[in-house]
Amino acid sequence: MADFNTMEMMICLASRYLEDGKTVAVGTGAPCAAAMLAQKAHSPNLVILFEAGGISPLLPQMPISVGDSRTFFRAVMAAGMNEMMTTCARGLVDYAFLGGAQIDKFGNINSTIVGDYYKPKVRFPGSGGANDFASFCWRTMIMTVHSKSRFVGKCDFITSPGFLTGAGAREAAGLPEGGPYKIITDLAVMGFDEKTRAMMVESLHPGVELDKVKAETGFDLVVPKQVGRTQPPTDEELRILREDVDPLKLVIGRA
Amino acid sequence: MKVLDQGLNPLFMDPDPDKARDFFRTKTRAMIDKRMTEKEVVEKFIPDGCYLGIGGFGANRIPTAVIHEILRARRKNMGFLGHTSTHDFELLCAGKCFNRLDAAYIVGLEARGLSPNARRYIESGEVKVCEWTNYALAARMRAAAEGVPFAIVRCMLGTDTLKMSGAKVVECPFTGKKVAAVPALWPDVAVIHVHEADMYGNSVFKGISVADMELARASKHLIITAEKLVTNATIRANPTATSIPFYLVDAVVEIPYGSYPGNMPYLYFSDEEHLAQWMKVEKDPTEFEKFLDHYIYSVSCFEEYLERCGGLKKLKQLQQLENLVEK
Amino acid sequence: MADFNTMEMMICLASRYLEDGKTVAVGTGAPCAAAMLAQKAHSPNLVILFEAGGISPLLPQMPISVGDSRTFFRAVMAAGMNEMMTTCARGLVDYAFLGGAQIDKFGNINSTIVGDYYKPKVRFPGSGGANDFASFCWRTMIMTVHSKSRFVGKCDFITSPGFLTGAGAREAAGLPEGGPYKIITDLAVMGFDEKTRAMMVESLHPGVELDKVKAETGFDLVVPKQVGRTQPPTDEELRILREDVDPLKLVIGRA
Amino acid sequence: MKVLDQGLNPLFMDPDPDKARDFFRTKTRAMIDKRMTEKEVVEKFIPDGCYLGIGGFGANRIPTAVIHEILRARRKNMGFLGHTSTHDFELLCAGKCFNRLDAAYIVGLEARGLSPNARRYIESGEVKVCEWTNYALAARMRAAAEGVPFAIVRCMLGTDTLKMSGAKVVECPFTGKKVAAVPALWPDVAVIHVHEADMYGNSVFKGISVADMELARASKHLIITAEKLVTNATIRANPTATSIPFYLVDAVVEIPYGSYPGNMPYLYFSDEEHLAQWMKVEKDPTEFEKFLDHYIYSVSCFEEYLERCGGLKKLKQLQQLENLVEK
């Protein structure tokens, strides 16, 4: 089995969920790497979108900002935020990547504050475009380190919607259909139970046992009868990622 | 949301954004070759009964070739988005193609006067009409493009235009002021004529956009007719100039002089003689039938229509007019 | 006194109300001629706007359509209808010209149908952008022939708002402040009474008596103690209009 | 309009479109020479307590020179539109310039991490914060640009972001669905950096527009900083490319390299070393004071700041980076 770090693994796994002929809204870093890898490995017709207006650029390198000039380098269109967000709102964007300080069992995300809202321990950036993507896009994904401090029973603040309180809650709140699709960590891949919309273990990474995942999760995970084993990154995926996607190791050098 | 007042006329299209999302979810985003002929696009995307929007401004940057093909295909019972429509409207009335009409500007050709045949058709009562304004219809398309069920405007209020529309008057939750809510409008299909497009549908038009940015984004299906096809590399060389990205587009038809007899900015002016001929001959229905047969029904392709209107010689004159070349 | 036709007179009179440094939304024909004359005669900084998107063009000749290429020839911007109408809506456009088949004592205009709505004698174009301009612009003006069939007690259909039912009615309907400013006909110039918002005679054209105006008006006009005399077009106004604005007599040839 | 739910935080600006109209009614439309220095524009248009919006995207196409001048002028108690703000936000926090904040994206510099000083400032409680999203704030500006009191969006619903915002949840009068109403936002003043402008304010930017089309139209006063001034004839030669018409603009300041240390599309890339230096030195408040004094407070003009950051040599490197020139 090839040697790889956890960042490389998460990026390779995420890229496998990005189908050809679909649209994905990405940020900087790992999500952008996953989308670029998908394009080069198996989804040549994957359309990459950036919230500030870049549409399907020929990315010459990793952007450092979702609004820098790389995000619309030889793009088919350099639009604006209104164009991108309304494109999501009317149902034309299939995937978006999100991130945050906390995530709960229904995939709700906190990227605003830790602690009390009016006396926060830490102030984070807030929604940015995350709440918009989480509201509008068909399938949202997260790549994150798996730990009890991130996978919490209750978010201190729900910045972006997952399935809110569970089945039917998005519809009741007026949100369009959509929501969390896959959560990819350094330990496992998780999806969401069709009925309850609660987070469910789908596959464990090589060498990881279920108890370890449970121990690092601050709520009860749904565990199906059969929990699969994650297929590790292939040599080909790793080659493309290291040689073509991130040769400067700006992202995969982090883990 | 408390409704204080509302128009009496029916909506022809469903303003539910989730139904529109369900459609757009299935629309392909693949960047593939979408070139077709005008015959193929009418066959494939413009069936009887569909709701149609036309880009440009009546007799400026209009997709004439596709409209002619709609007539030749004898399309009927369509809905039409009567927004800044002039010669395009005149054509669709000549074919009696639609029986449902959202009307902001209809039957007229601006300074050229009213179309006798369009007046007869609308005054006949065969067509269900719902009244709007140019901005209200642009706002309805914008709401659709935004994926929301309605937009807020401050026009139409207090008039019979609102009374005979499908708008509703509501109270602003922040200021308590009365405002008009206009429902989102997702046409089944729109046809827009542009200066340049690549085979995937990435499109560029020059000069005023009228309401085409909104129309292109609101419509479920979008047909582009282009003065010329360019390479994808040409589009990517100047992404700031792109008006319409490929994933909104279903078909691309290359048609030089495609806006004739209308004006195409920077390329050719409108043929006022031919447009005047229309207005004149429409006065006599029998004469008009012959006229239509000669210029549309008996014509096999758009180039043949251009020939019957004077061909390259006429087109050269219109090019000189557009570019203000001294006689 | 110079010799001139009624179209030339109406254009010259209208142009005098267009102050320097203001914005005016114009259509084709007489309104466009009045705005061009104002620019050349006394308001070099008058900004001409066209509803389809043309902003401050260097008009090489009379447009035949408010969307033709003349309307944005060497313009400072070729925008769109949304840009123009929202510019009006937020209060940046001072004047707009309107026209119609009927007008009532409060300056409400009918350009939709004559007769019963569902069985019209004549179907006209409808609002186009007229209702939008009448709702949004600070001061609207009309140039029209003066006759009982146009100046009616009640419009068959109110397409575009004047002062609706009079003082306070626009506000009550939710419309922004604004409304009819001057009505310029072949017989007189009319304004609107500050209190009642009813149409009021301001000045009679040379050789026209008040009774003639009353006879051609289908409602009671407000008549102030002093009714002025219209200052006829000056030789200079006529020279600019005939030589620089409309040398082909496309508009002034009509009357 | 029945309100089903609403945010708890206060609005900092009045959403009444008629008050905005009264302001815009008095704004001059004359096409006159509007050239000024950054000192003059801050003096004239950016007083203590005003509500400010900044164009671009945090460290891309930002009007750095005017922000530095705001710090040097020791502006206080301002309101700020925290939309996609990164280095611009970092700067205004360094000057403790504002105490009211509409927040969509704050304290962070994207992949570069969080600003220690910005965090200290916001966590101190000195600043009143109201939560929004990037799109919600863009929609608030768009509503202002449209002259209506609010816009309809389908984001924020069901979250604490809405709970800590000033939005309201209402029922759609057409579909009965719950939607979010966000109030129009007319900033007192906005500053936008562009590629080209003429002396009257007609402006062109290249590449993505972010939310600058909306910001330029929503703001009561608008300051343009431009990489270069061009003639009015240059603007009129290609009106399709114009982003901002002159009558929206109050002042034009010509500032080459004006977005430094941010990226300016097609001209120069961001100076990541300098931006990293900021993040590093912010950790120690005393060191940070010296740093600010060296780079901002003791500097007399933007050119001097550029010199202290490496001058033409550094700028040439950034130009090569932007244009992907091989080493």
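Order of writing sets the chain letters: A, B, C and D. Residues in each chain are counted from 1.
Methods note: contacts are C-beta pairs under 8 Å (C-beta built on N, C-alpha and C of every residue); 3 or more make two chains touch, one makes a residue touch a chain.
It should be emphasised that the depicted structure is a prediction, and the values quoted were computed from it without experimental measurement.
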Chain pair with the higher count of C-beta pairs in contact (A-B, B-C): B-C
Where subunit A and subunit D are represented by their mean Cα positions, the distance between them in whole Å: 28
Length of the line joining the C-alpha centres of subunit B and subunit D, rounded to whole Å: 37
Where subunit A and subunit B are represented by their mean Cα positions, the distance between them in whole Å: 40
Multi-chain contact residues (two or more partners), subunit A: 72, 78-79, 89, 136, 176
Subunit D residues counted as touching two or more neighbouring chains: 17-18, 146-148, 153-154, 177, 179, 206-207, 239-240
Overall pattern in which the protein chains touch one another (line/ring/star/complete/other): other
Residues of subunit D touching subunit A in the complex: 56-60, 84, 86, 103-108, 110-112, 114, 119, 122-123, 125, 131-136, 138-139, 142, 153-161, 164, 169, 177-180, 206-214, 263, 265-266, 269-270, 272, 322, 324
Residues of subunit C that touch subunit D when the two form their complex: 20-23, 45, 47, 55-56, 58, 72, 74-79, 86-92, 94, 136, 138, 176-177
Interface residues, subunit C side, partner subunit B - complex: 27-29, 50-54, 60, 64-69, 71-72, 78-82, 85, 89, 108, 112, 117-120, 122-132, 135-136, 157-161, 164, 169-170, 173-176
Touching residues (chain side subunit B, partner subunit A) in the complex: 17-18, 20-25, 27-32, 144-148, 200, 202, 217, 232, 235-237, 239-240, 242, 245-247
Subunit D residues touching subunit B - in the complex, by the definition given at the top: 1-3, 11, 15-18, 143, 146-154, 168, 170-175, 177, 179, 181, 183, 206-207, 239-241
